[in-house]
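The following blocks contain the structures, represented as structure tokens.
What follows is chain A paired twice: with chain B in the first complex and chain C in the second.
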Partner chain A sequence: MNSSNAPHAVEVTCLSRKFGSKLALNQLSLQVRRGRVFGLVGANGAGKTTLIKHLLGRLKAESGSVRVFGFDPVAEPVGVLSRIGYLSENRDLPGWMRVDELLRYTAAFYPNWDPAYAEELRRQFNLDSGAKIKTLSRGENAKAGLLIALAYRPEMLLLDEPSSGLDPVVRRDILEAIIRTVADEGRTVLFSSHLLEEVERVADDLAMMFNGQVVLAGQVDEVKENHRRLVFRFDSPQSSAPKVPGVLSITGGGQEWTAICNGKRDEAVAAAARAGGRVVEEGPPSLDEIFVAWAGAKSK
Partner chain B sequence: MHTPVAALAWELWHKHRTRLISVIGLILAFALVYPKLCAQAGFDPHGSNALDEIVKKFAHPGVSDLSALRVLQILYIMFLACGPALAMILTLLYIMWVFTFTEFDPSTKDPLRFPARLFTLPISTPFLFWWLWLGGMAAVAMLYASWVYFVHQPYLDTFEVYQNCFAWMTFMALTQGIVWSLAAWPITRMLLLMAVLFGLLFSPAQRDIIESPFVLPSLFVLGLVLARVGLEKMRHGQWQPWIWKWPFASMSARAELRGPKEFASPAQAQLWFEWRRSARGLCFIAGGLALIPVALHLLVRLTFGLGPISYDTLFGFAGYLVAIPIFLHFCVAASPARTDASFLMLRPLTNGQMMMAMLKATAITTIFLGWSCFCRWPPCHCWEISARW
Partner chain C sequence: MQLHVSTADGVPIYWQIANQVKYLVASGRLAPGDEIPPIRVLAHQLLVNPNTVARAYLELEREGVVQKRHGSGTYISDTGSPLARKERLKILSERVDALLAEARHLQVEPLELMRLIKDRSQSIQPKEAK
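Then we have the complex of A and B:
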């Protein structure tokens, strides 16, 4: 298949990876459609960075396959990396370079580098071109990393924890605006984040990772629609969490318990009714609540 | 900077420019000033017995006092005799480090970390490898030629072995091979680098090995292969560090089952802390440092049938084994401030208690270090005696 015609920007099939005895990725499969903003969420150690390293060819698949725009990132790193703008979690930039030197240096590797756009971004990010990278604050460092990832208009922007170190204003006004701009131009964005409200605001699709596996994937709206948040009131106080089949998690105390269920709403309501409970409140859960519910369900 | 080749060259130059300019300055200084200093001292570096001449010039028979002037005179003699050769060795070692493209990583304190950002640039591994490898070889050859052609060094039998460009290129290939292929095993990497450096520094005493037609070419090819494979594996994270288990892990696990071990006093806990922090690891490092060069030397001698060890080499080994504990303690003492300093400052201990714990840990380490180094000596000596017999 011609890489430019590959329907998906990213296609991962049954990917597994071990570090010593720890299974970092376990038969993980994932697809990212072109032109979409894809959010990757998961707790620390879920395998997000390991997955991103596989997409960059920084790790070779032990089993399974990884394709980025139809290319194998290990066999054809140049083909993949020339299409990706990457911002690493730990902002791995050479501290001894000045900002303008960093821009000139990075430009040499990308034929599509747009100096006017780079300058525009530098001004937008309020970065002093004469400042050394090591003198920049954590937030400015992230901006410098983002600048060099964007300035050649890559087909896919790959951001590993981009919000890390950025204050809320920068996060909202710059990062999210850039992600939307890139997506509006028909390019793909894949980013990992702990901040679920951010994913909810920005992403079109998401995948939740837990212990090296994708436990939930789909469009953000669909994911939210498929889950329900139900508040039950029981006739008598419950000493422990009531057993309600079909719910992912149930929390609370006494007579009032809150459950998150995934598409089995009627089954859960019926089961609660048998135990003497009735629904007093119902609505769509936040992504945060869905994530906590899935993480709790998977860790049991 | 319009191409990756130019950009990488610029990065290398810009990162090291001050020190590279210093190297050029050093060569120029030796080329221009050194002959004048020799002439002033009435010393002809091209003479067949230049060293004897200069020693006679400064030696005053019957004078045994060591006045400051005399010490300076001796140091000056040593400088005239060995200065150019030592400067050449140090600058060549520096240029080798430059072409490993590594840098100090403040988060892990790794002095030889290859920057991962290079692997996210759209350049292929063969391109990166050949750029660094050929660049390194060219730099070594150019630097070597500069020293040989511009600086007239006095003939010294001891330094003759270093007057071999291919030996330096082999050392460059081995350095790149070790640094890149063992990136995931920093302690093993350090031990092997020390062993190779040891081999280089003691090569005048092992001239028969260096001059063998098989040794240097084999090591050159080994270095090339290791470097090529190592860079590829490092890029794709294929060589991950082993999670090494402490030999008494099962015993400690049993201890944990019984519950946490209690220390009799804060001082004892502090002693355990100091021992666990670095002293235990030091013993293993010293053991490895003592074992690897001796074992490699014996292996090479056996493989190439080079006969018994000379007394000079044995003497060299003895000096090396004595130097290891001192060197290691120096490294630990001179290492950057530990990140757990603030953690320690919060302990309800006096400065005296903390100091005592450190001294006790040092004493224990010194005993272990001495033991782990000198237990290599008798087998080596016995092997030599049996070989001679």
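Then we have the complex of A and C:
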């Protein structure tokens, strides 16, 4: 199969998915540009893993469409899976295999497998060739999974919660792998995470999911620049959160309240002034604060 | 060149990198002609996206703090950064603000504080310079 010319690595349009009566994905659309690091963020149950399963062709779109490098993952699994290096959230590696057997077994599936690179990664990750997978620690297991996702130099690295439950040393290996992958020209990384710190460090673009929908998407820098954190001080203590139109969230107590706003700074400042509040502090919020503000605004 | 990025306080990472390089130049830890690490090397070291480092370098180049030399690397400008003095004062302003806030908290008037600064300045003059 020749490499496709699709402009996007991933293009999802109006994808919906129900599990029983629960709507796991609700008219979700997103694009991942080639050569970018894309961070998918959202609380547990927001639909991140369900979306990833659609990209891998493990779930069929009930409505809407899914394209990975221009291919439908269900109709053309080879076109899709041969281009993706995938690390699953539950690290489902065969426990009875030894590390060297896992490498040989995986290599057989991929014509582009690079044995020298695989060996380099094995040494870098400090994995013992003779060790049985089931005897590996959680961190080693993640590194083994990452190794086999990387060693055929896939066009896209797809990582589902790669750092979940891992210590900082292994997390560092994973972030390094992401940076190295994208530094190699033209390759794409899509990873889901609830650690916004990591997303801010390594992602070019992000999408925030909430209840099966994308509530916010864009370049990380732009997202940060479009939001402001304002601390208001009111003339008198406020017994409940003051109503300030134009802000996503407002938290605090007494005379001082912190608001996160999205582009409507002047409007918010003017509204607060009418209620007897003035700005005593202003700055860019962290991604964490932005995320919490959006999640709060959407669950109202 | 040792930089540290933090995602806790909301300042964009490219901005943190650019500010810290300016700080290192203003404080003399980076001298004109010093080479700064290639984008990929710094990205790896700080564990941040290479595009973020590239954006910081572009910003520094635009402000005249660094220069790209064709096909070799990125260096601290020979001319000395035009922003160096402004940066130095900006760095100090932040410290002064903190000092003023503390003085206010301790009920020390600005005039008294200035006298104190003058006294301290005299007492920490190196002996041989007197």
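Keep in mind that, in the parts below, the second predicted complex is superposed on the first by the 286 of 300 C-alpha atoms of A that agree within 3 Å, B and C clash if a C-alpha of one lies under 4 Å from a C-alpha of the other, contacts with A are read in each partner's own complex, and residues count from 1 in each chain.
Going forward, a residue touches a chain if its C-beta (ideal position, glycine included) is under 8 Å from a C-beta of that chain, and two chains touch if they have at least 3 such contacts.
None of the values given here were measured: they were computed from a predicted structure.
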Exercise for the section: State whether A:S82 touches chain B only (first), chain C only (second), both chains, or neither. Expected result: first
Exercise for the section: Could you tell me if A:G45 is touching chain B, chain C, both of them or neither one (first, second, both, neither)? Expected result: neither
Exercise for the section: Report for A:A107: first if it touches chain B alone, second if chain C alone, otherwise both or neither. Expected result: first
Practice task
Check the residue A:W96 against both partner chains and state whether it touches chain B (first), chain C (second), both, or neither.
Solution key: first
Problem - Which of chain B and chain C A:R201 touches, first, second, both or neither - result: second
Exercise for the section: State whether A:P284 touches chain B only (first), chain C only (second), both chains, or neither. Expected result: second
Practice task
Quick one: classify A:G276 as touching chain B (first), chain C (second), both or neither.
Solution key: neither
Problem - Overlapping contact positions on chain A, where the chain C interface meets the chain B interface - result: none
Completion exercise
As the complex stands, chain C meets chain A at residues 5, 7-14, 40, 43-44, 47-52, 55
Completion exercise
Within their complex, chain A touches chain B through residues 19-21, 53, 56-60, 74, 77-78, 80-82, 86, 88, 90, 92-94, 96-97, 101, 104-110
Problem - Contact footprint of chain C on chain A as seen in their complex - result: 37, 172, 175-176, 179-180, 182-183, 196-197, 200-204, 221, 224-225, 229, 283-287, 289
Exercise for the section: Provide the residue numbers of chain B that touch chain A in the complex, in ascending order. Expected result: 1-4, 6-7, 10-11, 14-15, 107, 115-117, 119-125, 235-238, 240, 242-243
